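Below: the structure, in structure tokens.
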């Protein structure tokens, strides 16, 4: 299976290792990730305004590029996933946005949301299959108690994202089981960590992080995993106690597959 | 001060019809930033409905919303309060010199681990 | 040759003051076919009616036109008068020269001219009237009640009391329905079982009532007065007539881990079971999904233990066919599934329960023996949060758009009972609105607040987070403009109620219409609230819309009154103004049947002689006059014009058009 | 194509799968193709024709034919198959008695358009790439297909069959069609202009009933216009009103059932564009109640025997379309 | 725009009213003595779905200048669904008449309940006004049906 891959800003710079690891892990599982040749930053935030067209165009370009390659568009970062998927939904269902974006892009063939956007986790669940992943694991993380942190962007709004049950998701827990560890289910795993205000309003971010970390620790989690670099930063840097390591889910995936952090 | 014209403009930008709201308060029961907000999600909806926009435009609450979409997810009437808040925020920052975040501020906010994403998204949300 | 009589009424001065009745009489007398014309002060009076009757006899009239008040007023009167003089009542037409002429015009000349045109129009129509004889169809004097909850029980009892036979079909092993699971009833707080079980016994003992328990309706044919219903009696693997209900088998059965649906899965029962002590019929039933003997062939404990020899592992489903004159739908409701409301953590914590589960936790026959204990650790809860409108008034697609109506009251009841039995508990109720229209309802709710100190908070719960044995409830308090964080021990969700899933296929079988929420629609929302638009189908209880017990019982009795009214007749007189199809013109295309709201049109293959004398089989429509209500939708849907309506035929209406436009 | 069809028809006759074949043969003139029933291989060899004049839609004949003894083979072009499917939906045809061979079709020639090109005395037509080669008593002429395709073929809506048992040739797809352009053009006129247009067209009607007789939807056992009890029976239009009446009611009776096969306009000896009435209903139905193609889906309710609670009100007519 | 034949033009209006709602509504406007022009003549039909387009054309043929259909409000039909069918039929028919160049103001559908006597009278006043402005119906009449 070959995917068009949209890495996004953070995974291309600050978190290069995560990107590399994810690719190597995918390879090990028989998945090829072909990075789009000329992707642009999605902006990190879905522009909700119905009259916001220009801010949606970078996403549309990525979607069109995948369409031209007749491939699904794979994302690794929750924020990119959220933005691309919602813009794609606009292109499919909102005539006004579609017309304006197409008029601006001057494409030969207008784009109407044909590309399927898929997150790396969905790929593991629906394409590889968690049972197959389990078979591929050479270094099961037996005995590790891991809390899944979903955050907001993967799940909500569920009508558009259609990722998992927005209030009681299971995909990361199933992933944790597949790599041989024990998931810790805690109530705040889908509560916002305040990532977007981490720059400006540290207090608010810290209080949100504290809630989550406390709830996870209470359940016995030894570490958290997440699928969003911003959440990952926020959860580790704004955790006053500083006592709960946070990993990107692919880091543990590499470990379980017997690869080092950079996937070698 | 009521300004219904602006209110209708906000409805257009947000794509939300605030009259669908049945004042149940589930959005505000849900909101993780509630305690830091002067006006809460249900108030945004109701104040846009009745055209009391000016207070909203001046409120810091605009920048306290975490865009976590929990209110959108849980609203029983499909009202999408987050979209309304975003529309008011856009209305606030779109005029010249009204940016909430300036490039000059960035260096002092940086730390070594801060992902690009944090800066990019903050610019998207708070600056035009 | 037509001989038409015209009778112009003065209605005192109501007509005569604005319409020159003499001029109308004289002008209409000259219309073709009119042999007699007269006017009189009050045509509807006895002497006025005699005038008409005499003229019919003396003048040998073939048609009568009465220029008077609205036909909605006195059409029946004049038809009766004509009939008593030997003229077919459907040969009478009324020209409405009061409501639609004299009362709306001031100018006498203008009004007189219009009255003449209206009279002429009626004459034109009556020329084409055909004598109609209302058909009759026999009534089978037995009713079927589908659903054995309180609605079905009450309807059946009332019908049986009037001396008619009633069958109840109940899909569960016992009648009683939801009310058996309820602990206390509002606003009187009397025990639900104490008022219900005597009625269940009454049903069982009434000679006129037959209960088909553990049975379902399989097929329905026929029409009002004469339905044929197939009932599937599911195999319960116990001979109903032999089982004594001693219950020994239900104690000895080795399969112990079957979720007990009577207690909503809060405890377990055996594979052979009697739902509860007061079940009617009190007969054991084997659950084929869990019985070891039925699944593996081994075991047979119940058979060995049963001294009466009632166990029969070879039993098969049985189909019974019965005739009924009327069918009552009383299929009831269920709380919705809460999969779409995981923010309340229903599936994540056993201490988050639905209101119906809470009833069981409060009930003496429930899993905790009537002591309120948390399902998780069986400890006494000290803080309880009630959440209203869970899935009600929800248009987001997760729930139901309507108000479930009963939740405000039962939540007040729960809150009050908690505070009364356990004064050390803090009880919070989160509400959007408190809706208490009903006798003594608002007083009841106020008592909960004022006397029992229940904390009513206007706002909604946003999230329930199970954490450290507590339930962290985050909610808004709109009146204080605050967000609340409550550490609760239990959360009770007032789940919306929805029609039972069996209702939709049943509606199709009955050709009874439903709304988009799968509630049955009534024949008229105000004036015929207990009847379906489909003749002979009646609605009882929550299948028609959310209702509390008093309302359900009154609707059930109203429904019974309607059924009794039908069954009391030996024959049904049908409305003769029904559709009929001309077979020679019918294409058999089904357009008419597609628009018929009553399912009155069926198709038959019939042989027709062709112009070349060969015979050809064609499919043609046939209208059942007993079912047709005469709306006429089919007459326009029919492209060939084969379908026409008695009393309002194409020709008649066109004659009226012509007369007006002349 | 013709030979393949003949061969298959004879094969099916020979093995007893069918006992008759519905097809086409030459009528009075070579371009005047007429539907025909063939019972023997000899008849097929002698008379069976399939060429670019074979526009006639055979589906209507199956109403009576399918009720006769034995099975009949019929050749249906994609647009014909929609009519067939619609009749099937209306229980007019007994499906078991019909064997359908779907045949590909890229458009049929309109003899009037050929005449307009100054070609008379037509003897035959052949395909040659993107042109037709027309044989006439004055010799051969080559014309681009696009110039002489019938209007309905130029705006063809589907090259895919709604129903068939086997295919000869390629199966195509539902294609985008500009068939409503002319309707839209009329809608954009003022009422006075529209009235003038339709008076000009309908006043030419001679009530020959050809449109009614050819229309697969107009297949009533007994037409309302022939039925003295309908109150509107008339044999010949005696007044401008009755021309209007006949065509409005005819269009209304086929509304939601008309597949837009275009036969009415093809057979009209006065060349009245009757299909524009039917298309108006189709266009309105699409706009008011959502896209609907008669004959396409056997389970879908027809628009006039269906409704939704929030259908548009008739007052929509005052608000939309046309100049004042 | 049509020019009126003369100032005293009195249009002929045929109103088809369903038996259950609109006919009762018309009665109520009488009971309340609400005036509307005598040009309006009502024909009672069991349900709005009984109205065949043929009847409307017939009325125009015989010289009617306007035809209006009144029925129960959608959702309130005595026969549950009749007016929904009528609504579709009339939408399409009116659109077709407009397409043929017939003045669209000559036809109308109005939902009038049994309680809406005032609405019935107001509707009729309005409709008669509108049709009077249009003048005689020339486009869809049968000249042979006219009085000589």
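First chain written, first letter: the chains are A, B, C, D and E, and each begins at residue 1.
Throughout what follows, contacts are C-beta pairs under 8 Å (C-beta built on N, C-alpha and C of every residue); 3 or more make two chains touch, one makes a residue touch a chain.
All figures in this text were calculated on a predicted structure; none of them were measured in a lab.
By the document's definition of touch, common neighbours of chain B and chain C comprise A. When every chain is reduced to the mean of its CA atoms, the largest separation from chain D belongs to B.
Nearest to the global CA centroid, when each chain is reduced to the mean of its CA atoms, is chain C. When chain centres are defined as mean Cα coordinates, A lies farthest from chain E.
In terms of C-beta pairs in contact, the better-connected of the chain pairs C-E and A-C is C-E.
Here the CA centre of chain B is 52 Å from the CA centre of chain E. Chain geometry summary: the mean Cα position of chain D and that of chain E are 36 Å apart. Centre-to-centre separation between chain B and chain D, using Cα means, comes to 59 Å. A straight line joining the Cα centres of chain A and chain D is 56 Å long.
Multi-chain contact residues of chain A (touching two or more other chains): 166-167, 191.
Touching two or more other chains at once are residues 53-54, 58, 81, 85, 89 of chain E.
Residue numbers of chain B whose C-beta contacts span two or more other chains: 70, 73.
Annotation, chain-chain contacts: A-B, A-C, B-C, C-D, C-E, D-E (touch as defined at the top). Residue ranges of chain C in contact with chain A, taken from their complex: 339, 341-343, 345, 347-348, 397, 463-468, 472. Contact residues of chain A toward chain C in the complex are 159, 165-168, 185-188, 191, 215, 218.
Of all the residues in chain C, the ones that touch chain E in their complex are 70-72, 96, 98-101, 103-107, 110-111, 113-114, 117-118, 121, 513, 521, 523-525, 533, 577, 595, 597, 629-633, 635-637, 645, 648, 650, 653-654, 656-658, 660-662. The touching residues of chain C, counted against chain D in their complex, run 516, 582, 584-591, 594-595, 603, 616-619, 637, 639-642, 644, 650-651, 654. On the chain E side of its complex with chain D, the touching residues are 53-54, 57-58, 60-61, 74-75, 81, 84-85, 87-105, 107-109, 139-144.
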